[in-house]
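Next up: the structures, one after another.
Look for chain A in each of the two complexes below; its partner is chain B in the first and chain C in the second.
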Partner chain A sequence: MIEEIRKVVAERLEELDGVVVLRKSSEGVAPHLFRKGDDLSELEIVPRYPLMTVVSKLHKAFPDIRLGVVARGCDERAFVEMAKRNQIDPERLSIIGFACTAEEAQECYCDEPYPQHLVVGTPPPPGPPNPLVAKCDALPLDERRAFWKHQFLKCLKCYGCRNICPECFCEACAMEDAAWVEPGLLAPPFPVFHLIRAMHMASRCVACRQCELTCPAHIPLTVLYDLMRRDMETLLGYVPGADMAAPPPLSVTLDETPLLVGTSHLE
Partner chain B sequence: MEYKNILTTCIYCGCGCGLYLETLDGHITGVWPAKTHPINQGKLCIKGWNAADFVYHPDRLKTPLIRKNGELVEATWDEALSLIAERMGAIKAESGPNSLAFLSSAKCTNEENYLVQKFARAVIGTNNVDHCARL
Partner chain C sequence: MVTEFEPRIVAFMCNWCTYAAADTAGVSRMQQPPNVLPIRVMCSGRVSPEMVLRTFRAGADGVLVMGCHIGDCHYSSGNHRTAKRVPLLRNLLSYAGINPDRLRLAWVSGAEAPRFVEVTNEFIETIRALGPLSQEVTE
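The block that comes next holds the complex of A and B.
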């Protein structure tokens, strides 16, 4: 698999300014920008980092460059929602998609462990649904509240869930606004702190699971976001990351006129 | 267009979490937790996530400051170290070694912290040693 990816990256580097993917060195593995002529034996695809955030930074800093990115299904879904909000220029990005392994799909409870632009690998069977979601659903309201209260009490307020999220790119964050979240309190106010983020993720969360992986308190954040994604699909028929042409429902007016999304902070 | 992630160790406490400083053309643009680091395994606390924020902060101290006539004035390291040696020697001679204390830091390396306590105990002669990481 990885040899095939290296081959495709080498081909694409003939015409692109660079390809974003992971690089393995003696120090560890981190996001990297490979250029033409670089040693591609260092190219790596594990562990997962939110590579579309790197693409977004590079696109904003260098308005003329054309990039490639080696992407999993969740990376591609993140790209779709970021492009809709003007964080990535789809005209300047070439996606080299590859399929996750069956084990990875299981581990992530991922129902679409491959990208639409699949270049390398074959789609594995989808992972099973997260059993905690069904468990939460079955709880009576007061017990469900107690469950989340217990989880959110563990929060260290590191903002890691927000920082690592490819879809969290607002310049002013409500989670840092003293009107919503009183500074200096640990654990953060229940439940507003986590629910602000959950609400803001409503038409954005692409189930990449980065938030849960980076949470030092092991809060099962994807349960919260799985439920939010389910509501978006059943109530509004919207699946984040699935369709570039579908306008995000929270970014259209009641008569379905699209709002100018993602541009409010851009001069 | 030079994009690099440079592995370093969080400076804020003794845990030693691994993090990458993300740079674009030599300018720090962010922090990534090191997912392959054995200590933190891709997690950071709020201090680690913001470990690079002071780098370009306008209030950052870049030289030692010496209080002269009630005001802090920028000084050279030679000037500062000479003053410290002179005053430390005088205070020790006047009031004894236990009138001095040494505060070290989690931002220093193990070796630097070893030297601080060694200096306190062997050179000055006091056990008054403490540090900033007793949070």
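The block that comes next holds the complex of A and C.
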């Protein structure tokens, strides 16, 4: 698989200014911009890393640069939501998609472990849904509250979930605004801190699960975000990352993206 | 001494419709209990999820968001955003274990002073039945 990716990257480098992918060196694995003529034997695809954040930064810093990126399914979905919000210029990005392994799909509870622009590899079977989602769904309100308060009590307020997230690119973050989140509290105040993030993620979360991997306190954040993703689909028919042409539903009118259920309050 | 629970409710009201209805209700001397703290906003679409969550955090037992009927928004489609946001936020509250009935969205036009009184009184009773939120948030 990786040999094939190296071959495609070498081909694309003939035309592009560079390709963003991971690089393995004696110091470890890190995102890297490979240029024409570079030693591609150092190219690496493991572990998963939100490379679209790097692409976005490069696109903003160099307005003429034409890039390639080696992307998984979740990277490509992140790209779709970022491009819609002017964080990446789709005209200047070429996606070299590869399929995740069946084990990775399982680990990530990923229902689409491959990109639409699949260049290398074959799609593995999708992973199962996260069993914690159904478990939380089945709990009565007071037990849900106890569960989440226990989880949020572990929070170190390191902002790792936000910092790693490819969809968190606001210049001013509501989670740092003293008007909404009282500063100086550990654990961060309930219900504001984590629920603000969950609400902001509703139309953006592409289930890459980087937040949960990053969280030093092992808070199962994606359970909350999976529930919001489910709501976006049932209430507004919106699946983040699926369709470049679909406008972000919370930013447009009911005529453009109508509510599909629970419309009695609109009368 | 045990004092009876009196719900503390914050109502975000749109400047163009609901606030006028509330004003008319007052001028017409319609009877209302003093449980509702009104906050005038220029549009119900201005009421962000942060504002609602912070209001609960600050001690409100219930939050009402009220604005113009769909089609009557002073800014054409400001209330369209509210219409999508509030159901999502209600679901999120329930996922975190907070009763979603503590957040209610209602359209009240400037001509609907009796409806304003009816909606707020009904909501006060809903929250009275649910009890104080502080139990749910702090303990």
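In this section, the second predicted complex is superposed on the first by the 254 of 267 C-alpha atoms of A that agree within 3 Å, B and C clash if a C-alpha of one lies under 4 Å from a C-alpha of the other, contacts with A are read in each partner's own complex, and residues count from 1 in each chain.
We adopt the following convention: contacts are C-beta pairs under 8 Å (C-beta built on N, C-alpha and C of every residue); 3 or more make two chains touch, one makes a residue touch a chain.
Keep in mind it's a predicted model, so treat the numbers as computed, not measured.
When the two structures are laid over each other on chain A, do chain B and chain C clash or fit?
When both complexes are placed onto chain A, chain B and chain C end up side by side without any clash.
Please indicate which partner A:136 is in contact with in the superposed arrangement: first for chain B, second for chain C, both, or neither.
After superposing on A, A:136 lies in contact with chain C but is clear of chain B.
Figure out whether A:47 sits in contact with chain B (first) or chain C (second), or with both, or with neither.
Once the two structures are laid over each other on A, A:47 reaches chain B alone.
What is the contact status of A:253 with respect to chain B (first) and chain C (second): first, second, both, or neither?
So A:253 only meets chain C here.
When both complexes are superposed, which of chain B and chain C contacts more residues belonging to chain A?
C
Quote the smallest CA-to-CA distance from chain B to chain C in the superposed model, rounded to whole Å.
22
Quick check: in the complex, which residue numbers of chain C touch chain A?
Those residues of chain C that touch chain A are 48-51, 53-54, 56-57, 70, 76-77, 80-81, 83-89, 91-99, 105-107, 136-137.
Under the stated contact criterion, what part of chain B meets chain A in this complex?
Result: residues 1, 3, 5, 7, 18, 20, 22, 24, 29-30, 32-37, 40, 42-46, 48-49 of chain B touch chain A.
Flag every residue of chain A that touches chain C in the complex, lowest number first.
Its residues touching chain C are 136, 141-149, 174, 177, 179-180, 182, 189-192, 194-196, 198-200, 202, 224, 227-228, 231-232, 235-236, 249-255, 257, 259, 262, 265-266.
Can you check the complex and tell me which residues of chain A touch chain B?
17-18, 27-33, 47, 49, 54, 57-58, 61-62, 65, 156-160, 163-164, 213-216
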